[in-house]
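You will see two complexes here that share chain A, one where it goes with chain B and one where it goes with chain C.
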Partner chain A sequence: MGPELALGLPAVGAVLAAALRRRPAVALAGGGLLGLAGAVVLALLAVPQAQSSLLGLNLPAAPRALLLLTALALAVMVALAPPQADRVGLLAAGLAGMAGLAAVAAAPDVLAVAVVVAVLAAGHAALPGGQPFPTRMRAPGLAVALLLAGALLQHAGDAPVFARLAALSLVLSLVAAAGLVPFLPELDPEEPAPASPVAWTGFFGPALAIALVARMQPTIGADGVPVYGSLLVGLGVLNLAWGTVGAWRADGDVAAWRYSFLADWGLALVGLGMVVPDGYAAAYLVLASVLLVRFPLYLWARPVLLNRAPAAMGPANVLLAAALAGAAPFAGFSVRVLLLRAATQVYWPLALVLGLGMLIWLAHSFRLARTLGAPAGRSAVGVVLALGFSLLLGLAPAVLLALGGL
Partner chain B sequence: MPWEDLGGHLLALLIYPGGLSALLVGLAAEIGAAWALVPERGGLAAAARGTLRLVPRTAPPPAAWAWVLALAAATQLAAPFSPVPAAERNTLVAAAALLAAAWLAWSWGWGRRAASARLVLTVQAIWLLAVLLPSMGPGNLRPQALGAVVLGGQVPLKLACGLLYLACLPALLMLLPESAPQGPPGTVARAQSPEESGFLALRVLLWMPCCGLFTSLFFPSGDGFLAVVRFPLVTLGAAAVAIAVAANLTRRPAGVTRLLYERLALPFAGFAVLVAALTPVLVH
Partner chain C sequence: MGIVEVAAVVVAWLGGAFLVLSDARRGIALGMALYSAGLAAVLFTAPLAAVALGGAGLVGAALRLRDGRRGWGTLPPGSTPRLLLCVVAGVLTAFVGSSILEGPGSAPMRVTILLGGALGAARLLSTRRREAALASTAVMTLAVGAAEASTGGPAAATVVLAAALGAILLGVLPGVETDIHGT
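This part shows the complex of A and B:
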């Protein structure tokens, strides 16, 4: 019953936290304990005996490890959230998201994946926020439609054109599901963090993307692989360029943060599209760093972004800028090394394009680091932890890759 | 119908899974709901006192008929050791009885408090889809047969319908101001009329059939140890989900409930119909 518990415990935790919202201490304790139990079961699934499932569910290693990181990121963010943050709301939304992501990873077929993605997106879009529900459902709704279209095309016939169209549809569904260019949702800077599209791209997106890729890639077939790879690389470069230039030139700091996520996702898409082990490893690492480093840092930058605290540029901010820029020995450095190595294996001019993107990247890192102000109290602990995670991913990427079965 | 079958049906109606067991489960859930929905009135003990104070002293006819219908729906559940033979239970009977019980409450409650018949009708339509769509593939209306189909092609459809069912529960159980002409749990200190008291009691009796039907349709049933443990756990879990959703909705600004059902659940019901149509094509 391992996969069922990994899925069910966070779901029950989310329900409990939501039901006991008016009693925050009980809600946090109950939801937190159930979330922790779910994470322990996820970790135990590495043991083959724990993988037996009543419903025939299976959680592959790669999405499972990223789900564990999602749980870790959620624990850190809830425990060390800025004082004004709604911690119960954050926990309930995070646990519901974890349950949904586990369901996507364990879903037995594309139709089930589409149902879960639709539910997850609708749940996220229904959170109180600045944008109307239909606007927030546009990108994930399109993702579900494209996913179903891709699955239908795969069943349409044996002609290569169907395989290519299916690959096109599935890649576009992945990009739409993550909320990337050209399906970028509208951003309201004042929106609460759990309801923001940044939360979708930064917290739900990484595990969702890896789960979708694990589901889609084996079904694409030889005729569809060139379309799958080239489209992912193309959209990756587009997001990298859009993200780096956007984060540098954006008017507001919230927008700059949002674009910085796109830049990271650009690297991830390129890595996935190269369809070589180094590329996949780079994508995996960059998505892990989005979860453990960039998204928590965005949360701790919220007081400055909402003008509740002043921006600052102290020594800690310089260190943060280095981490966000992908300097050695932080996570971004190993990502870049792996990605450039993969690019030289596949098509060397791609390495030049990526190198240019990485160079422009430097411009916005200092801007983002300033928005963390002078962290104190819980935020300071959080910033130190995020830097620690970045350092760990940069110095020992093999540990995470081994956890993900790569 | 042979006398022993009649006895079995009567036992099911009055004791288990209807009657006494529905009353006990319903009281526990009602107290929990009153505690979660109106926490400012005190702890669990205060919620229990408030709920027990509303026990009706008479049985006004429309409410009494609604009680009988709710208990009749409970007899159709795939509860372990149910005295009703498995072949004689029917999802359609349960659904019709629950809808009829709800509309008996509305025959009294039309226009009272913040109740919105339009919203309730929308929710009931969605709920009916959630109940009936999973029976299309197997071509069977027996709850235990539908619950047994947990593997293979039916998973996406059952997932979609199960979620729709859960989303509808707060409105079906009259936990929301818009769906409860007698007032949500914990909000009424003293019944104004025997009918109000009767329909407050109806909600207590609705918990078991509404939540138990969810368990019956979406989880395997049986008389083995696992099934015996699973039935009450899932039924109470569904009740907890309903309370959680209701607690969140009542905290939101007015109109959010209507938006949830009309803008979210209704399109999702359309999506569930699409999933039902695609299931034979995409899943083998």
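This part shows the complex of A and C:
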């Protein structure tokens, strides 16, 4: 019953939190306890006996560890959310997302992932937000259609062309599901954080991508691997370039933050596409840092982004800029080392392209760090925690990689 | 290929066409119901999947009648491009499903699954109406469930039931936009 409980407890917590919305303290306590119970079950699933499932589900180590980080990120964000934030709404949306992500991770194949993505994305798109539902459903809806096409092509026959087309469909579905270039959703800067496409890319995306890759990669086959790898690397470089230049040149700070997520995702896609252990480890680390560092920092930057607090550039902001730029000893540094090492193993000119992208990256880090203003109270604690997570991922990446079975 | 299977594929195509060509609740619900009925008929070799997906599609279609724009809204002015899309999608999916793909399942099953994926995605990517987007996503979910049933993947029964439940949940979601609140 382990996987079923890991999925069911956060789902019940989300329903409870939403139902008790008018009594915030009770909603936070009830939802929080059920979310915590779900996270404990997730941790216990490391014991093989706990993986027995009535429905034939299982949760592999890599997505499970990232799900645990998602739970940790949610707990930190809800506990330390800026004073104006709707914490109950954040908890309800986050727990619903946790349940959906557990279902994605437990999904036995890509078709099962497609079903969960359809429902999860519809639930997210139905949250009150600035963009209409159909606009917000376009990228994930396309991902569902591409997953369906990929799965059909995998069973279409023995000709190599089917394997190549299946790999093409599945990689595009991954990029569409995460909401990356060329399937970038429209952004409304005033939109509530839980409903924003930034929340989808920064909070739901990482565990979704790792779970999808865990189901997709073993079924690609020898004929599909070159298409899978080269397309992921190509789209990764595209997102890296789009993200770094966009975050540097964007008119608004919300857009700059959004582009910075794309840059991180670009590194992750390149790492996944190189199909070597160092590349996968780099992708895993960068997605973990999106969850634990970049997305929480984006939430704490919201008061400045919504013009409710002034921007500032104090010593803490300089430290944050270093962390966001990937300087040593923060998380981005170990990611960059692993990625460049993997690139030199696979095709050394790629290391030059990545190096150039990483140089351009420096331009926007100070801009983003300014938007955190002068954090005080809960936000200050949150910023310190995010820096701590970044430091931990940078100094001891092997701990997380071991948790993920890498 | 039996006459019943051909008729089922035509019913499913009609359903997809109604979904693409309708802008109001009755037309959209009819499209979803017809597609579900066609899908259930081509899945007769997998009775559990046929009942679950067909039933879920009909329930989802009934739920779509609750809200959204009143009336049929079928073939509104300016719908010629959509009509062409339905015809071209029908011909292409029939060709690809029966002549190019060798699996999974029977040719009518493949064509029906492809119709759900293609017409559902086409409608979702082109509409600005929430009720149509919800119904399109539900149709794609049903097609994914049918694909799982035809590939017989691990835990196929669970995935088919999840797809059926997903289609109903998509029907439960309201067909009108809510106001923005929160930060």
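Worth a mention:
FYI, the second predicted complex is superposed on the first by the 406 of 406 C-alpha atoms of A that agree within 3 Å, B and C clash if a C-alpha of one lies under 4 Å from a C-alpha of the other, contacts with A are read in each partner's own complex, and residues count from 1 in each chain.
The working rule: a residue touches a chain if its C-beta (ideal position, glycine included) is under 8 Å from a C-beta of that chain, and two chains touch if they have at least 3 such contacts.
Predicted model only: the values in this text are computed from it and were never measured.
Placing chain B and chain C on a common chain A by superposition gives a clash between them. Residue contacts after overlaying the shared chain place A:109 against chain B and chain C alike. Annotation for chain A, partner touching more residues between chain B and chain C: C. In the superposition on chain A, no contact is made by A:247 with either chain B or chain C. By the touch criterion stated above, A:194 is placed in contact with chain C alone, chain B being left untouched.
In the superposed model, A:16 lies in contact with chain B only, and not with chain C.
Contact with neither chain B nor chain C is seen for A:59 once the two complexes are overlaid on the shared chain. Residue contacts after overlaying the shared chain place A:272 against neither chain B nor chain C. Contacts of A:152 after superposition: both chain B and chain C are touched. Comparing 115-123, 187-195 or 205-213 from chain B against chain C in the aligned model shows that the clashing stretch is 115-123.
Common to the chain B-facing and chain C-facing surfaces of chain A are residues 55-56, 103, 107-109, 111-112, 114-116, 118-119, 122, 126, 128, 133-134, 144, 148, 151-152, 155.
Per the touch definition, chain A reaches chain C in the complex via residues 55-57, 82, 84-86, 89, 103, 107-109, 111-112, 114-116, 118-119, 122-123, 126, 128-130, 132-135, 137-138, 141-142, 144-145, 147-149, 151-153, 155-157, 191-195, 302, 306. Interface residues of chain C facing chain A in the complex, by the touch rule stated above, are 100-104, 110, 113-114, 117-118, 120-121, 124-125, 127-130, 132-134, 136-137, 140-141, 143-145, 147-148, 151, 153-155, 158-159, 162-163, 166, 169-170, 173-174, 177-183.
Contacts from chain B toward chain A in the complex involve residues 36, 39, 150-152, 155-156, 159-160, 163, 237, 240-241, 243-245, 247-248, 251-252, 259-260, 263-264, 268, 271, 274-275, 278-279, 281-283. Residues 12, 15-16, 18-23, 54-56, 103, 107-112, 114-116, 118-119, 122, 126, 128, 133-134, 144, 148, 151-152, 155 of chain A touch chain B in their complex.
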